[in-house]
């Protein structure tokens, strides 16, 4: 298994080089030359050229890319064109907020969707099934800035239980996490329901019942364990998305996360910050995916067998 | 021991099971009475779709509802009335008083738990042992069914079909139940493994005084393992009695048809005489005797009234209109071996 | 012998080869939720098709009347008017054309590319699987905003390019779901059996493996349409989506956002339109999932 | 089709659940928030604080005996993204430089006149080209080191190289430090508005030693009443009081500028009390502030002028009649009503409100489709010939462009909307290719009439005899006659004659019609009742040095 983990981590390097190249290519093609975001309106040609030199914008796409990679391999993510701050520091300032928001949001999503999905699957085609499906769908189709404002109006303005914005203290993470979590719940509920339905038909559950195992244990121990693979897949996919930050919730709740750092940087054509933040996110995502794959093996021995074969 | 003799391990009266689906109501079991004494083995024989497995599941109240609906006048296991039992009480009966072996070993075991855990689970539930002790006892059970103890923490996908069936048997017999129901345990196995499994079941049956119901469509297995036989057709028992009575003095035309479908080792030239036609459609069973359309001796009478089981000597019972009407009616098989 | 002919007739009726579409329809008809979903979807699609006949695009949909702006839902304007005095109900009905198109096409692109890649990766394994999964990691770490900028800058701004951008951005999850589903199914006996009788690999994947992981993929597809519509909204909010004044549900949501506390109806109704579309798709998806799932055949 | 009971019952259940959810969702929203749905009324009368002749609003004076809170938190709409005074010109950053730095001179909030700051006095030579400044004594930077003439010279020389500040020191030939407290600045030619330019945040005096030691953090230190404590871009920026300030320390110890990008969240934060000042709440929420007992609304017309430049070298737009036709299609009243909720004032001049030399009775291009058709006829183009793209980057500009598009369609000119991100729009405007036709843009500079005209419409003669447009000259107007008129006005010393010259310049521009002025809107600020000491400026570069909130 260790050899497999090391192999996967080594694969990270080509991925990072790939991400950096794609961003450089996109930014090269995108409208809006970065130098104009930093230079004043009455900049002369010489000043512009001097600035291009300083920002490393001269030379062909490949030259700029290799210059960036050379610095990247030494762990230097460069400095932001706009705030002149080191990109790594910018990212690390935002990372704790995003990790806090992402993990609490995932907990909210799981707490909502796994029980809902199981109730829907166990009572297939009954009123409980319909209600849980509609509740789950509400989360997805309701635009989350709408939900965010609704929660803020109710819980921070009218009831005053939670602060309306900012990232100080644990109470401030609750509303944004619920907003993001509810949005994720739809897919997770549907996946839980669908894979539980597949498993609930299996014969080994009948064997368990014949052994005298209680219905609750049959559903939550025997059935759920087998239904976990698709659920973990979607959990992994959603967790990596949320690790990239959720821009709308961060905007509505003034939550300084990675999501808005990237979008603002794109807005200002701040290439080092965009590239740096996305590379760090990719690393995080790859590690999450690796953990998901390893968890597969622990959950389902048949997959573990395939890896060690 | 004699006190147990009169009381029966299993008593069922007028068991009916139907499945209400959108395509219509499937009448799987239509009024079954059944009694089984201690340390006795009953063979339940019939073509696929006769309702054998449904009857077995009904005993453990494992028929899924919806869509299944189970009605019966009496269902007692070892004297306890199972019908009204609460879920928690039922869970104490399943696996302790009565347990079941399923047909397809490939899907009967949970793929994500080790074999040892799956055996230990029922021991933990019923004998309230700690996890370690239960696992240890599970090891003993594995040895008992001929699997090395070390393989307890391997997973089902690492076992062959035959080995898996042995594990299923180990699970079923872990808390040495009084009544074991085996639903075609060897159908999915090849002949050599079949013999070993049957021999193992016989040994364990003797060792633990377990009474058993062997569900099969293979008359050879019944002859080898069972004391009594019940022949089922379209959800009803059409003939019942001891091995000698049913094999020796076969009376019901359907039972005769079953025997005629077996190749006769002694007389190689004998032509096989299969029963023509198909099982009746369970959603609309014909009036009167369900076997009438396929029966060579069928008369107009048979099509009208549905015959009840009648005693024809000893423990031998048969449900056929011809005998009610004409006491010395004889089917060909009885004519030959007298 | 009469009854045996009758027997043959009944037997043939039971087991004659029905076309697969009819089989699916017969299964689907049984699932009531799916019928409801299908009914809602048909209503929405019909609404979208007859919109140009009922509403004249220039006057009703984009024609503005500033004096009548910000009116609460009334008899004259069922869903009220927006900040330029345009009737919101007309725009929702007309907007269905844009939103459904964006939602469906984007998901179809993602579905086809994603499932093919995922299934191939899951089935073939080894180096190919690693490459595909790493490229998938790369694409999933590029936010859809950046993807949209790339497509718009390279191919110019149009609704088609918006669909392509949203499609590419939502491919990664399909790859992953397909691969995970194939991984579990790959070890089954029937796959080895198919390989044993010499079936070509691609046939095995399509005929044997995909139907078994169809349920996860359909769940993913029906839900993605909803999020595709909403991510198209974020893109139009940044000016990369469907150009104004076209009445796309997503951009109606974004422009209504400013007035959310006083004139909540401006975001409520487009939100409900999206919700009903997503709900109907998922109910239909549920029905399809059960109908197409071989294990569930009764 | 016979419907079996089962189906009906299942569908009924789903629909009931669906309707119930929709009803309660709309009720929670509609009911809860309906009470404040009155449309915005003309605001001027109800603003808190006292407005001065110069258009600023001063909220009450700081009292000696009152105990003030330790920290004031200000919710801002745009991010503080650059702390180098010569590195940016956005409002948010400028607010910071007023807290942390000082300039040679300041503008008096009451009279808009130039008043002493770091330079306690100065003399100007007869020909108006040589300025001798005398610095206050005992001035120190916030790290205690003294501020000398050397630092002033270093700052002015450095300004020449900065793309933001170079235009302001374009005329400066040399800056000499005579001794620690005397500086002489020599200009190439006299410039009446030069001193006003020197009061701009971009000319804040920096410490030479600090800048040379650390080029990134050095410029962030000034000699102001506050020093930077912590800066997390995209989240907040906090400042602490410099107790060693020569004229006595500020009333509040700590000021935090906290970013709230979403307008509704920013206002809710004020209502829940998490922040003390909410800059720029959304116009629809203003009645909520007035209705709240412990909040006050501060309102003053701003100098952010929305206008539509027309790139005069593009086919069709090079024809003055086409430009005039477009001017007559601009329905300014509807734009004020729809895009600004009525909270804006129509503007017909080519320089900003309150600037010297504004021509009160300039000709007005009122919204008149017949005149527009006449102009189009004169232009030689037939209806349907012309198609123009208009670039917009904000929601309110999109609304305005849609109204303009609707009007132009009526006279046969086809307008296509091009929505873009701000960065893309800025890039297109500044790109040498000038590949755009129409745009809705804004400028806020009120650094003197000459600076506005020269920057917005002026051009400079290049060595090869061609004219090159100045920095913010979006219409790309290259008109030598116009350049001569503004150069003459710049050196005219008699203010009455100078005013008339600017009236003539505005009339000339009205004839050339390079751009269509649309409107100026309002500064809206929600504050906690009792907040004092702050000076709210129409150019949104507010002065928080003396801000204070009673306990």
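By letter and in written order, the chains are A, B, C and D; residue numbering begins at 1 in each of them.
One rule holds for everything that comes next: a residue touches a chain if its C-beta (ideal position, glycine included) is under 8 Å from a C-beta of that chain, and two chains touch if they have at least 3 such contacts.
Since we're looking at a predicted model, the values are computed, not measured.
Participant: Most remote chain relative to chain C, going by C-alpha centroids?
Facilitator: Max centre-to-centre separation from chain C belongs to B.
Participant: Of the chains shown, whose Cα mean is nearest the mean of all protein Cα atoms?
Facilitator: Centroid comparison flags A as closest.
Participant: CA centre of chain B versus CA centre of chain D: separation in Å?
Facilitator: 89
Participant: Could you state the distance in Å from the CA-based centre of chain B to that of chain C?
Facilitator: Here the centre of chain C sits 50 Å away from the centre of chain B.
Participant: Rounded to the nearest whole Å, what is the centre-to-centre distance of chain A and chain D, using the mean of the C-alpha atoms as each centre?
Facilitator: 37
Participant: Once you find the CA centre of chain A and the CA centre of chain C, what distance in Å lies between them?
Facilitator: The separation of the two C-alpha centroids amounts to 22 Å.
Participant: What are the residue numbers in chain C that touch two or more other chains?
Facilitator: Within chain C, residues 32-33, 187, 260-261, 279, 283 contact more than one other chain.
Participant: What positions in chain D touch 2 or more of the other chains?
Facilitator: Expected reply: 6, 10, 14, 18, 29, 33, 264, 420-421, 424.
Participant: Where in chain A do residues touch at least two different other chains?
Facilitator: If we look for residues of chain A contacting two or more partner chains, we find 30-31, 125, 130, 134, 138, 145, 149, 153, 266, 300, 302, 305.
Participant: Once bound in the complex, which stretches of chain C touch chain D?
Facilitator: 32-33, 35-36, 62-64, 66, 69-70, 72, 83-85, 157, 236, 238-240, 243-245, 254-255, 258-265, 268, 272, 279, 283
Participant: Under the definition above, what is the set of chain A residues touching chain C in their complex?
Facilitator: Contacts found on chain A: 11, 14-15, 18-19, 22-23, 25-26, 29-31, 125, 130, 133-134, 137-138, 140-143, 145-146, 149, 153, 186-187, 190-191, 194-195, 197-198, 201, 229-230, 233-234, 236-237, 240-241, 244, 247-248, 262-263, 266, 274, 278, 281-282, 285-286, 289, 296, 300, 302-303, 305-306.
Participant: Can you tell me which positions in chain B touch chain A when the two form their complex?
Facilitator: 60, 62, 87-88, 91-96, 99-100, 102, 104, 107-113, 121-122, 125-126, 155, 157-158, 168, 171-172
Participant: Which of the residues in chain A come into contact with chain D in the complex?
Facilitator: Chain A reaches chain D through residues 30-33, 36-44, 47-48, 51, 80, 82-85, 90, 93-94, 125, 127, 130-131, 134, 138, 145, 149-150, 152-154, 156-157, 160, 163-167, 251-254, 256, 260-261, 264, 266-269.
Participant: Considering only the defined contacts, which chain D positions touch chain A in the complex?
Facilitator: Touch list, chain D to chain A: 10, 13-14, 17-18, 21, 28-29, 32-33, 79, 81-82, 84, 87, 89, 161-167, 216, 232-236, 258-262, 264-266, 268-269, 271-272, 274, 420-428, 430-431, 455, 470-472.
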